[in-house]
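Order of writing sets the chain letters: A, B, C and D. Residues in each chain are counted from 1.
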Amino acid sequence: MSQNFKNWPILTGLVLATVPIVLMYSYLVLDTVTDTKPGSIFPNSFTLEHWRFLYEDIEGKANIWQVTLNTLVFASSVMLLVLSVSSTAGYALSRLNIPFRREFLAGVLILHAFPSITLIIAIFLILQLIGLYNTLIGVIIVMTSLQLPLGIWIMKGFYDSVPWEIEMAGLQDGASRFTVWYRLVLPQVRPGIIALGVFSFLSGWGEYILPTVLAPANNVQVLSGYLASLIADDRNFEFNLFKSVGLFYATPVVIMYLFFQDKLMNIYGGGTKG
Amino acid sequence: MLKTSLKRALTGFFVLATAASLPFGQAFARDLTIQVWAGGSNVADAYRVDAITMAADILEREADIRGEELNITVETKYDFDGWGGFKQAVILAAEANNAPHIVVTGHGDIAPWSQSGLIRPIEDYVDFDSWPLNDLFENLIEISSYEGVIYGVPQDAESRPFFGWIPHLKTIGYSDADIRAMPGKVQRGEYTLEDVLNDAKKIQDAGLVEAGYGWYPRVSKGGDYWQFYQSYGGEMLDSSSGKLVFDKAAMQKVYEFFAKAVEMGVTRKNHIGTPWDQWYSEVASGKAGLWHGGTWHYARYTGKEGLKDFFGSVMFSLIPAGDSNGKANTITHPLVYLVTNRGSEDDAAIAAQLITIASEPRINTLHAIKSAHLGIAKSQQSVPLYANDRWASEATVRLLPYASAQPNHTGFSPYFDAMWKGLEASWTGQKSPAQAIADVESELKVQLGGDIIIR
Amino acid sequence: MEIILEDFTKRFGDVTVIEKMNLKIREGEMLALLGPSGCGKSTTLFTICGIHRVDGGRVLFGEKDVSRVAAQQRNVGVVFQSYALYPHMSVFENIAFPLTVRKENKNTIREKVAEIAELVHIGELLERRPEQLSGGQQQRVALARALVRKPGILLLDEPLANLDAKLRLEMRSEIRRIQLETRISAVLVTHDQVEAMSMSDRIAIMKEGEILQVASPTEMYQQPVNDFVAGFLGNPPIAFLNALVQDGKIDVLNGKIQFDFPRNAKPSNSTKIRLGIRPEHYQPNNPIQIPGTISFVETQGRENLYDVKLEDGSILRSIQSSAFGTIEKNSQVSWGVQPDQLLIFDQAGNSI
Amino acid sequence: MSLSAKLGYVFIAPALVLVAVFFLTPVVLTGIFSFTNMSTATGITGGAYQITPSLLRDLSGNGFEKKTLDTIGTESYQVSQATLQVAREAGSHLDLLSELEADHLGSNFKNRREFERFLKKLQNRPRSTRELKSTSPHFKKSLINERFETEIDLRNSLVEMQANLSEEQLNTLIQAAYTGWIWTTDNFHKMVILPETKQILFNTIIYVTFTLLLFNVGFALVLAIATFYLPKGQAGVFRALWLLPRISPSVLYVVLWKWLTWDTGFLNAILNPLGVAQRNWMLDTTLNAWFFVVLINGFIGASMGMILFSSAITAIPKPLLYASEVDGANRWQQIRFIILPQLKWPILFVTVYQCLSLLTSFEQILLSTDGGPGSSTEVWALAAYHSALDNYWGNLQYGYGAALALVLVIIGVIMSFIFLRFFRFQELVRQPRIEQ
């Protein structure tokens, strides 16, 4: 920002540090359409061979489109659930006079930084008890629950920064608390909703352990599991194929990312001010 | 008198009664779905599950001839991420009463899975005195049993032989005849692990391979390493008491053997953890002198790695004896078909029948040859596909009769883990072999208590 | 509509902010709640509109006790200090919002909004968004939104605090104009005495949760009940001088200056009192001369403000037309007061 | 109840239910599991009763008479009136039973196989394997390997055997025959004694410390400050690039690192021509493995700090910076005296928060080194996962895994309380300003 200092030393340093990322991601794209011989730096010829998985199933693997659909359903459901539950609960904690509000808040705060994934055995048992083991719905609910403390926390932070006067004005104007929330407050926390939405969608899209453990069946497989099982198969070791599947997997993420990058930077906008 | 038997019998009775009440010849329609999951498999192993599909077809035809209508839908799955993922999936599914009807897994799972009731004793459903089960190798059936009960039917066999790169052996002075005689010498205990290290050193000194490539063992934890324990006379299970055995002297010799290999420079200190990919391509192209691997590696060497003249390039034999206490041996880690507790007795009976049919020599040979595993039955030697495959027939004769297996014991997995940790520590020089043995001993006492005999 | 606060008490947690306050807002009047920040005037306002709950006493709208009535049902229009316009709505939507939540029909809404927009002179701004408006325009929109559904009472919370000086003048008269035109009862919360005096019919002056005096601006200026009120009103502010009652006379500067006690009810001998002298009452031509040195001169253009330091160290203030030139700092002057213009307070600060 | 409280309950109820069921209950269950020896072998929901040969062998040294144990344990198949009656009631083929009764009453067979071979030779032999298999169990005269669903069943059968057991022996036997899990504190005992605990503890400390200091805080600071000094466009590019690892699916992200570091990977492709031998840079040595584990996790972790620090720096009043420049501060002094002091709070926050996240994260390690080589990068959370859910042997150790997890849970709770203090909690729970 300042013109009093030279930029090039900083720029050089940053560029050097960023080289691995740039390399990895540019070769990710490059290798999917070329044949790079193992151990050589430069790709040779153009080919679409590595993309064959799109139109023919890899032997022994599930159909990619089914898996993609599962992933889409999974990630968007997680997003919608996290958003709707966090935006109501966050509002209640930020603005409404409920008994035990203090305790709820402290609870959210504690869970917010909790080793959730290590609870997976117990989670499995509960899921099995209510008959949702090996279903997409089960994983969606679990994933949502584990994301909730963070989501509620973030939303509460955003609500906290909405001026009280807006709500007071709404009440004076004759609107009910619900109308005030829905029509006046919710639009004010749009950045939070977008950031949290993108964040939870991306988390759902990339999640590996929960679906793998809680829904291993073929018909509910998601892309993370698909790609992981592809890599685990050591007789079919083909980096370019992994990368093509990987790129296919990452494309929605990258697109969303390009659209919402600035918004995503807001994710901690509400929740972490001390 | 015995309630469970009674329950079983009653179910059987009802089935029979229903069947008997039907006028002869009338269609007795039955539709069912049988799920089969196989672990550690990939495309080449597809016959592990496909054999069940084929068996279903035969069973349907048999039923048709009897005038019954039987429709079996077989659902198969084998694309798990590794053994860990597969077992996790099976176990959790079973806890959720949702296990597949048939699983194909390592025989080592029989002990814990039978204790938890996850699997049913297959001997309750099939007759091991009739074809084709009466043709199976006895030692494989033994390996599929636990506490005197036969739980599974062996699905394939393999063994983990000792390999040598023939051109290198020739360069250091072995003649063609010597090389041909070598498996015999190994078997008779005339060529020992000490010779292995010496030859590895010679190969390396001759500049044939890089330093650390003379003796090039398996790169990760695995049952293979227990072969060396047997080479020094170690026993894994005390057959009279059914307890595990930790023979400290034998195990220490194993640790010392690998520590010495590192010390002599014929094995890399950081060898463990080398990626399999790299390892395969190296041993299949003469970059290593002597190594040990699995019989199924044959497919990889001659397939993906492109080794044209396998028999001209690679010598294979039992793992040599270490000293006079032990003998040349090999370990087989057969996969077994298991029937789970899923579904009714009837479902289980059909699943067991499918497994029986899938074990017919001809069907099993498809898997054996395609995936370079060994057969499970004596008569497979007379199935042309098998007999005409030089690898399968030679390896079966040379290795399988001498193959033992890791014990089916619920305590074997912590033992296995502890043994490996000690080996790794002495290999990488973190501990002296003696120290490592002491640590393993104290860990075993904690983990297994009275389940293990420490000698 | 008449608004009555009866023994109104308000606590926040353990702290009692207002105890048994009584206040009446007459039909159609503009009442200013004046006081320093933290005196409880906003709390009072929020209680009238229903955002705060009453912890004791009652709030009456006319005859009706609304103490337990929700804010939504009280029909009170509020203009907030920050205006609290809904940022995601256009001006039209903002003004229409109270009507839409009542589900009035679209045409009626359009008419009513147009009408009120006309009244507050923002007819041409209806399509804009709040962030595209100037402070004064936002203020007008807030007013329009508060008035559009014809509330029984209009509450204004520091409505001018966020405006620059020029706009403040303009909006001051605008708000007053609109209030007069609509004949609505209104409460104006402010800490600015000029605003209170210029805009309201009556002022209620508050201190630490208590109403000290309710009176018309003139009355309050001329007859403050105590030195706090006297000091709060008037700019430049009033100056105080310690004095002593002696033999029915007032002794100033240790008896150097004496004059008759100007009121009938004379305090007893040797009573210490304080004289409140407004700058416009300390002038060269007045009879009782009090000499001193000019310690500070502030040129205000039309007038000059002088601080005069007396020999006992106390300071009097005088404001004089600049037409007769400016007197230099450090000059000796002897200016005077008129006894009947003096405000006299006892030791406790109450007016005598 | 006020209106807003009612709405509040409606609003918070879904979150409460979900969190209670899928978050709090698992915490409690984890606590419970950690005091059991639960594993695949014992099952989660409870076990059965089974007398196995090895159980009897164990008991023979424990005051049980050999004869008693033989009665219970020696497998035998008898053709007697009693067994025939059982078979009859169970609906076995009557012709077969008649033949047995007529010609073979009193016959005794060592084991099932022998008995079934015998049955198959009879005139009225069972017509199918199925029938054979359902007939033979009725003639069994032993409890060996028999599975009883309840304690009562086993007890009754034992009493019926007339094996001459004292009540105490009966109880001992029944208890030993139970296949399910039992309460125990062995897990914690084991955790303290096992040498590998020390190893994973050490690993965890290394992992958290290095990743946290070098990347999540250290490099995040560098990024935030560096991008602050760059023109907006350039800064945006770098921030965007550094957020990529965070949002990429982890499986894919790790594949990219493998591509970079494995034996046929990019690093080798560059280094090979320079005469460096081809090797797997990720798994070659412990040091390398750590280097890449820290890098892989650090590249992900840097973004959170970057975002927080960046926004904190942006919030610094510009005049402060201009003033320092006018006063002749060089860049380092500006960072040292103006920027860093402003970042005190965010740094504290990121340190505590990320410390906890790192402590419990294992996904990237699982996917990249899986704790290897050996167990040199096996961290605590990964060890918990491995023992409870993913080991090579088909005997998942739920109890021990839960005990390992419980340790993390406890650390998590303690750190969360520290967290609460940092958060100026009082301020956060200020009363709502609308009181209805």
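The criterion applied here is as follows: contacts are C-beta pairs under 8 Å (C-beta built on N, C-alpha and C of every residue); 3 or more make two chains touch, one makes a residue touch a chain.
Quick caveat: nothing in here was measured; it's all calculated off a predicted structure.
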{"item": "Co-neighbours of subunit B and subunit A - touch as defined", "value": "D"}
{"item": "Chains linked by the largest number of contacting C-beta pairs", "value": "A-D"}
{"item": "Reference subunit B; chain at largest CA-centroid distance", "value": "C"}
{"item": "Subunit C-subunit D separation of Cα centroids, rounded to whole Å", "value": "69"}
{"item": "Computed distance of Cα centres, subunit D from subunit A, in Å", "value": "23"}
{"item": "Centre distance in Å when subunit A and subunit C are each reduced to the mean of their C-alpha atoms", "value": "55"}
{"item": "Centre-of-Cα separation between subunit C and subunit B, whole angstrom", "value": "94"}
{"item": "Sites on subunit B at which at least two other chains make contact", "value": "85, 88, 95, 277"}
{"item": "Multi-chain contact sites of subunit C, meaning residues that touch two or more partners", "value": "50-51, 70-71"}
{"item": "Per-residue overlap in subunit A, given as positions that touch at least 2 other chains", "value": "125, 168, 171, 213, 228, 231"}
{"item": "Contact footprint of subunit A on subunit B as seen in their complex", "value": "42-44, 46, 77-82, 85, 88-89, 92-93, 95-96, 98, 276-277, 300, 304"}
{"item": "Touching residues (chain side subunit C, partner subunit A) in the complex", "value": "46, 49-51, 70-73, 75-78, 80-84, 86-88, 97-98, 101-102, 145-146, 149"}
{"item": "Footprint of subunit D on subunit B - complex, ascending", "value": "1-6, 8-10, 12-13, 16-17, 83-85, 87-88, 90-91, 95, 105-106, 108-109, 111-113, 115-118, 121, 123-130, 147-149, 210, 220-221, 241-243, 270, 272-275, 277-278, 349, 353, 410, 412-413, 416, 421, 424, 428, 439, 442-443, 446-447, 450"}
{"item": "In the complex with subunit A, residue positions of subunit D that touch it", "value": "2-5, 7-12, 14-16, 18-19, 21-23, 25-30, 33, 44, 219, 222-223, 226-231, 234, 238-245, 247-252, 255-257, 259-260, 264, 266, 268-270, 272, 278, 295, 299, 304, 307-308, 310-311, 321-322, 325, 331, 345-346, 349, 352-353, 356-357, 359-363, 366-367, 381, 384-385, 388-389, 398, 401-402, 404-405, 408-409, 411-413, 415-417, 419-420, 422-425, 428-429, 431-436"}
{"item": "Parts of subunit A lying in touch with subunit C, wherever the complex brings them together", "value": "163, 165-166, 168-176, 179, 184, 187-188"}
